[in-house]
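We just call them A, B, C and D in the order they show up, numbering each chain from 1.
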Amino acid sequence: MTGYLNIILRLTIWFLLTADLSWANIVIGVGVTILLPRGVTNVGLLKDWLRTLGEVAVAIPQAYKEAFEIMLYPHREETVVLERVKPRRTPSLIFLDIFLITFTPKTIVQRYHSRGWYEVHYIQRRETP
Amino acid sequence: MINILSYTCIILGLVFWYWGTWPLLGRRSVLYKLHGLSVADTLGSMAIVVGLLLRIPHEWPLLVLALISLSIWNTVLGYVLAYCVTDDGTHDVGQEVGHGG
Amino acid sequence: MADSPIMSSYAYAIMLLLPLSAAMVIFQSNPYQALIMRGILGAIAALVYAMLGGADVALTEALVGTMLAITLYVVAVRSSLVMRLGVLEGEGAKNNLQWQPMLDYLRAMLKRYQLRLELVPYADDQALHQALAAKEVHGICLMDRPEPNAEEVAPHILVRVRRLAEIFATELPEAIAEAKLYRDDDLAPIPHTPTLMEEH
Amino acid sequence: MTLVLIAMIGALLIPMVEALQDEDIWQRMLAFASISTKTSVIILVIAVLQDDWMIGVVGVLILSVGNAALMLLAQIIKRVNDVMDG
């Protein structure tokens, strides 16, 4: 599954960069994509992938919403919270999770512990009691 | 119509840029400034690029690539910088255990 | 673009940023901070080149001038601006009162010259001298005891590099450690193995 | 559009001033990250303004590969600081 996603990602970058859909270009792109070395890929569940990709689509408007929130109401408190990683995560899914958390402006992942915890840095409006 | 929309996006991006970059001059912690920079450099720049995309729709492949690389690179860079700034040791900031959703 | 005055107004504003960032590189004494400034200079130079129409020059500046140059310089600075000091390993050398203050003083002193201190542990005095003679380290730190069971030790630093020896001679107080220049023709007091054999 | 560009140059000045005044190395890294993103977006805007799409391609390329050196520099500075402290 992730192998196909890898190839699709590379082909997307290639076609976006060249913006050329002639036969020669397609052949070159597919050739380069397949010839480039691939790391060891772990097969994740298709359902997890679809859900995370859906969360990425949701994350963009949410990021803008949070940006407006912290612009309108100043958030001055900083805290560090440990969050548990969802079970059965492959490395690429963990990367997507970290990307999602860091993408929204209120939260940044500081560190990923290999035993299944993220360290997330939050900013808040006021200190939680 | 498209022109107005594009200018709105670009000016929104500029407001984000100024708002997020201004805290750099203050004396807050690096992590706090990183939050501001993720507003400015990721979201603000994405808004500007979307504004440009509305002006020249025929060049969409490159601008979409610019959007993707902006979001991914800046986010990963924010993570790497946050990782490098904090030590491996314990934190004396209020530490609590939450449940990830 | 120089034909219209409005266009050139922002062009001049951007071009003024280039000497500003170049001056920032020049007046920076810490090598790592200067590298960051070099990155800023590269980004702004790429902007100026692209604005003036040199797309290829801008791409070269960004990829080679900024990315590759910073990578190579980081490797060079990291491996050259360091003083390797050979020390004795084990608790015997470190368990005395002078150890930590001496290290702190040395670090602070070397930091003024943008050097960092790297400790290389060795098993005994003989290995230390061999390492110094083989140029594995820039200096060694010996812990001489006046008497075999004395609590007090006198840290004793032998340095191979003349410039380091000058710095140590002028800035290191005798109370903290005694520093000397090591030369190959000096027959440094190497502890001979026969004496060790006799003790057993 | 030119006004927009001048406002962007003004925003670019803020991290420059920050890099000038602050002595802490991480604050300067933040300024560097901000500047490198801002310059590539400015290159894109200039490309649209001058209607020269060659410049736009360069801007996208700088945007998509330019941050790698920054990450390497951050990791190495972290290592060096660890060695210096401990």
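One rule holds in what follows: contacts are C-beta pairs under 8 Å (C-beta built on N, C-alpha and C of every residue); 3 or more make two chains touch, one makes a residue touch a chain.
Predicted model, so just to flag it, every value in this text is computed and none were measured.
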Grouping of chains that still touch (sans subunit D): A, B | C
item	value
Steps needed, at minimum, to go from subunit B to subunit C via contacts	2
Identifier of the chain whose CA centre is least distant from the whole-structure CA centre	D
Intercentroid distance (Cα basis), subunit D paired with subunit C, Å	28
For subunit B paired with subunit D, centre-to-centre distance based on mean C-alpha positions, whole Å	12
Length of the line joining the C-alpha centres of subunit A and subunit C, rounded to whole Å	39
Centre distance in Å when subunit A and subunit D are each reduced to the mean of their C-alpha atoms	22
In subunit B, residues with contacts to at least two other chains	34, 59, 62, 65, 76
Per-residue multi-chain contacts in subunit A, two or more chains	17
Subunit C residues touching subunit D - in the complex, by the definition given at the top	1, 6-7, 9-10, 13-14, 17, 20-21, 24, 30, 32-33, 35-37, 39-40, 43-44, 46-47, 50-51, 53, 55, 58-59, 62-63, 66-67, 70-71, 74, 78, 107, 111, 116, 118
Complex contacts: residues of subunit A adjacent to subunit B	13, 15-17, 19, 63-64, 67, 70-71, 78-86, 98-99, 102-103, 105-106, 108-111, 118-119, 121, 123, 127
Parts of subunit D lying in touch with subunit C, wherever the complex brings them together	2, 5-6, 9, 12-13, 16, 19-20, 25, 28-29, 31-32, 35-36, 39-40, 42-43, 46-47, 50, 52, 54-55, 57-59, 61-62, 65-66, 68-70, 72-73, 76-77, 80, 83-84
Contacting residues of subunit D [partner subunit B, same complex]	4, 7-8, 11, 14-15, 17-18, 21, 24, 26-27, 29-31, 33-34, 37-38, 41, 44-45, 48, 53, 56-57, 59-60, 63-64, 67, 70-71, 74-75, 77-78
Residue ranges of subunit B touching subunit D (in the complex, touch as defined)	10-11, 14, 17-18, 21-22, 24-25, 30, 33-34, 37, 40-41, 45, 48-49, 52, 55-56, 59, 62-63, 65-66, 69-70, 73-74, 76-77, 80-81, 84-85
